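Working notes, structure below.
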């Protein structure tokens, strides 16, 4: 179960509210590489964890709980960037409504055009669980496979795209408050990349974990096609690299190259049945 | 641009058509860890690849093209498993319609209850781009970040969950034809896990690539919070492991533990404006 | 069954077409608090209504039918706001295409940037069943629970958020025609809020209806935890109010406060099976 | 920010694991009336709350935090219901795979047909953020309008449909452990219905809050159409009730009935432009 | 604006309620080829129709209004199929709850396994705007392009897939009441196919309408590539037919065949910028 | 199976990169009328084709394969339009980040406001499988019905809306490179409209194919309601046309007009059961 402290994980301040940056920050809340995703992903991995010990369940709970605080920070930052524009701007604009005020600034920052419209019309100038184009987050992005190694790679992927996003947001703003918040979140993403890779190492590293799942006897997979790069170019060329020659990453074989060609038959399905809603012409 | 050969990549045969297994196979077509996903993910990574050389773009094209053939194999397998039930079963059932025939078998395999209904009602007993519960694939699962290392981790994650799925499908069927097809696809997933990890090694491995993105100067992130595990348990306990002590995975620091507590303030948003659609009670 | 009159429910006129306002109006068509939602919600509640009399079914049909006319008004308003810009603006712009014309005005109102692009590219300058950011309406928002009291609260919620939206739209435009249309729709939302609350009163009010569903014998719920506010703050503080002391809203008890703590056990799931696609390390 | 305790909010035990009931429970996790919805809804209402005081923000945080623990309980219950079937059943079945074991029981409870397939194929026999038919939760269901009264009605609606669901689940199982867990969750839903209604009363009750939003001057809405029931039946009949006569719920007027008819014009849009991608026949 | 009559368009009776057939019928309500789709599609085409006359707008309104009554019939049929099972069946089962009753029948028809679970858990045994696998209808399927010929082809497509579905449903049931309802709906689909094709003929038929849109000067399209079949087989074979030789359908040219090959260049994108969140290795 | 050539199907050049046009082009990639849709639609129709011969399966494979190359062209065009703005513009802007550079141009073309934000934040200035408002493509738009005539009408509809879109894009740009690419794609859409209509002619044309499906004995449909236009206007008027009189399109009957009225009963559902989660008031 859970507790809260109403103070934020880390200070969130905005020197100059900017609705356009609020839009960008929404990607870090409701984007597929955002904080709702990692929070819920770690929770579902924890709650469904099956193993002889609860170590990984426990660790995931610590970090999932941390991530709630990240959503909170970002939601606060979005609301702050959507705050009332300065009084002088209001006066310059003819607007006597909040929308007019937001529209009236004359600068790109205050334009309704640069905003996700739902932030105003549906949320009343607050954050929503949507991405930077207003698309709601879909929970199908919560990857929790029941395989701890697969999950850890999913987590590294999530924290890698997450940190790429945070860096882009950092580069996109010149607001000192926002840069400070983001330099913290970028740091936490660094740690979380490390953390999930540390689990993989503790589990024995690539040679022990690969191929995922390692519980399937590898001699039951097609031994002729498990370490060869398929070249599908019509002219037979292919890019050489670490993946076309030399020892495989798990140390069990050598990479080779296969010029791809059909190994199977031309498929032929049976004709349609008379009573299947097909056209007469399809019925044998 | 692209060419096709109407023969299949690998033989697809079904000894005993089983609509219930057709449902399961749909997960490998339109599930989030399925073949449409990897196919389109590699294509979009290739088409948007920015780098001094085209090596990774080229390589991704080879494998993306290979994956089209995997969707094709699975779609063929689904249709075959949905084929007309054996004549004797038909005769046993009173049904003279295709639905009746499928329903009438009396065995779990032939029951309409075990099928995705759209496979019959919408697709006419063919495969569809949906998962094993009938949910259509959503293209937001195509991860292509513009960062080659992040993309490679996304690809390892996709092939890890993909192979986990293929193994579960292999274990779920006792049809020799289906087992043969799957033992091939499991092997290709093995290779693709290797392949994306090989790219990461060629790029310099963990120490060179981490943290992703490595182009952000690491001294600009919060140095006090980039290598410490946050313990969020209310009683101060935490699970010890590779992530709480010892050298970090990139070799640049030591892992430590931080008993989490608020570092920020209690956030206070301004009151609502009179003209913002709030209640009077919210207006300062 | 249904009839139509090709005249509108209420006059819809636009003094000065404004594509940016067309975008805003889309929220009232295809937003989650828009008119498609209430229309379909009332229809599905009516069509599935189970009760000894058809009174509520009948009433819902009346209002659902009214709401079709509201979608129609808004769709007309969107198309009107997307009408050809004035000839003089066209001439000023170099554009000889409709897109150019729309883009060429030089004012915020006529900019393609302020438009939902699909309104032009997919709809040909007409309304679509999408929200103000271009996201299509999803029918999962049609709440029809089979419980009349729950449905009425859902309806009050829908008309409350709906009227909030209409007020925001009213405040956002200075077009007299649009203000007139909206002052009518705001009035209808007022009535509909009243209407669903009137049903709740006719059903006996809060004391008779609560808790919803009232058909579950209340002595079968956990009597120790049905009227106490759970304080989850780590420092034991909580906001006092009507919900922490005094008689409950149904008059059956007194509100109290519970300092939250775990009442249950640490959950332990069994280890993964050898054949479940997990890693070997997860298998006991 | 947030803390956790790894013990559950309330005991979760399953006497006889039942994959079919696991499917049902999924509705309470990822259904539109489930726990992810209320948890996130209260969080976003709290984080975006604008008011002269932080009372409602604070209160919402308490309950949002409580709700995380409810998702956790349900996720645990789903995983437990998906646990290994009893050894004797395994032995009866010929299956040596986990799927086979689940399928092999011969009873409805253990049939793969009764399961959400993704719970097995994607989740590895764990809970997922999906509903009882396998549809992922979509965050567009998080209602946070920026208007505190509208939000409270949304919350009452959510807890009403939520308790209806919990009662249906209670009625659907004969497992004592599950009944005990649900009798607790039903009680909490009772309290939460009370709690949000208490806020509405503290804000002044219906007369003070209606129409929502109360900050829009009511004399600016169409006074001729804000308290009359629209009868849309083609034969002029309508169901009489509390909504057709007598004082309105806010005490400001009397309900009347209006035989609906068009008050507006037949709309005529301009012809299509020559360069708008229309057919020639549409161009004036 | 709109009126209703509470009687149904056509009689809906169910001789023997069958929850499994209720599930199938849901496809005709909320499936992509269902009645919500055509109803809303015709409405949006009507409301956005731009042309010198209102003929097509008017006609579309007539048929859109008719379609509301079809959704109503199907929703009624779903609820009827979900009705209380006969008392004797109830008595046979030990169940004293509605779920138990539905489950307890012992026949495939009454099994909860064969039902969409949301029909029970969320809808309380009523129809919902979902398809036969429980997936909610998404309004992106409302095709209204602003081009009348394109719209008519979309409508023929909708009514063709719609009638295919209705025929499959007819074949799937042996309930006389349901067969009668469906034989009516199949007839209306026949008429609607005719109706939209009649519009295309009235507009001048294929030669006048093609290519859609006909307002784009055809000499501005690539004259070398507008009437040739692209053969993409790697071995140069292709299926001969009406599309490879002979006069084109619009009578303006002859079909030819082109052995496909690249006509363009190898694309080369610029390297990533140093500040774009890419890896260092991608930066030129 | 499949092969690729890394050269493009047709030259793609951009004279002056324009992020606003990149946004528009996204509709042709991930819009419901875009190239992913037709590509996947033709593939799934091919892979599931049931007929006595493989002719249509083969033909569909040729064209599906061609369409991959169209997605590739458009993805390349999007990335090119998102390329680094000219050096002089960069210098004019104060920006030292990629976002700043894009924002800094001062012209509509270079404004971040005119971009889909995910193209920058998630994709790193590359194409994504989303539409022009940032909504991801949903695979439910892949129509493959198992009925060849229905499928062909779906394909004509797809290529008609697709060409309408391509024409709008052509009209929206003044970039010579983009116009050249689009004049090619418009031509291919012309051919594909022809191609699917040619299949319908080869199958016997309207009289042979209608009503779709033609395998359902037409005398089993309601003969009184299969060729009459339903007039639903409350005043009895209706628009006369090809659809109200004269021979039907299949030549089997004459069109007539029916003044619509209820032919069925008022539906009455049973009351709710005591244990179904309804309110007591609903229980008979």
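Just so it is clear, A, B, C, D, E and F label the chains in written order, and each chain counts residues from 1 on its own.
Everything below uses one rule, namely that a contact is a pair of C-beta atoms (placed from the backbone, for glycine too) under 8 Å apart; a residue touches a chain by one contact, two chains touch by 3 or more.
Being a predicted model, the structure only gives us computed values, none of them experimental.
The chains in contact with chain D as well as with chain E are A, B, C, F. At the interface between chain C and chain F, under half of the residue numbers involved are used by both copies, so each side presents largely different positions. Chain centres here are means of the Cα atoms, and by that rule the chain farthest away from chain B is C. For the pairs B-F and A-B, the larger set of C-beta contacts lies at A-B. Ranked by how far their CA centres sit from the centre of chain D, the chains are topped by F.
Repeated interface: D-E and one of B-E, D-F or A-E share more than half of their contact pairs by residue number, and that pair is B-E. Centre-to-centre spacing of chain C and chain E amounts to 25 Å, using the average Cα coordinate of each chain. Centre-to-centre separation of chain B and chain D, using mean CA positions: 28 Å. One inter-chain figure worth recording: chain E and chain F are separated by 12 Å, centre to centre, where each centre is the mean of the chain's CA atoms. Multi-chain contact residues of chain A (touching two or more other chains): 1-9, 32-33, 47-50, 54, 58, 61-62, 65-66, 76, 79, 97-98, 111, 113, 122, 124-125, 130, 133-136, 138, 140, 145-147, 149, 161, 164-165, 167-168, 171, 212-213, 215-216, 232-234, 260-262, 264, 266-267, 269-270, 272, 275-278.
Contacts between chains leave no pair untouched here, as each chain touches all the others. On the chain B side of its complex with chain E, the touching residues are 1-6, 47-52, 54, 97-100, 103, 111-113, 116-118, 120-122, 124, 130, 133-136, 145-149, 203-204, 209, 212-216.
Across the complex, chain B is touched by residues 1-9, 30, 36, 40, 43-44, 47-50, 54, 58, 61-62, 64-66, 68-69, 71-72, 75-76, 79, 122-130, 136-140, 142, 144-147 of chain F. Listing the residues of chain E that touch chain B in their complex gives 20, 23-24, 27, 31-33, 108, 111, 113-114, 131-135, 161, 164-165, 168-169, 171-172, 232-235, 260-262, 264, 266-272, 274-284.
For chain A in complex with chain B, the residues that touch the partner chain are 3, 5-12, 32-33, 54-56, 58-59, 61-63, 65-66, 73, 76, 79-80, 83-84, 96-98, 101, 124-125, 135, 138, 140-141, 143, 145-147, 149-150, 153-154, 156-157, 160-161, 163-164, 167, 170, 183-184, 186-191, 193-195, 197-199, 201-202, 206, 210-213, 215-216, 218, 220-234, 238-239, 241-243, 248-250, 255, 260-267, 269-270, 272-273, 275-278. By the touch rule above, chain D contacts chain F in their complex via residues 164-165, 167-168, 171, 234, 275-277.
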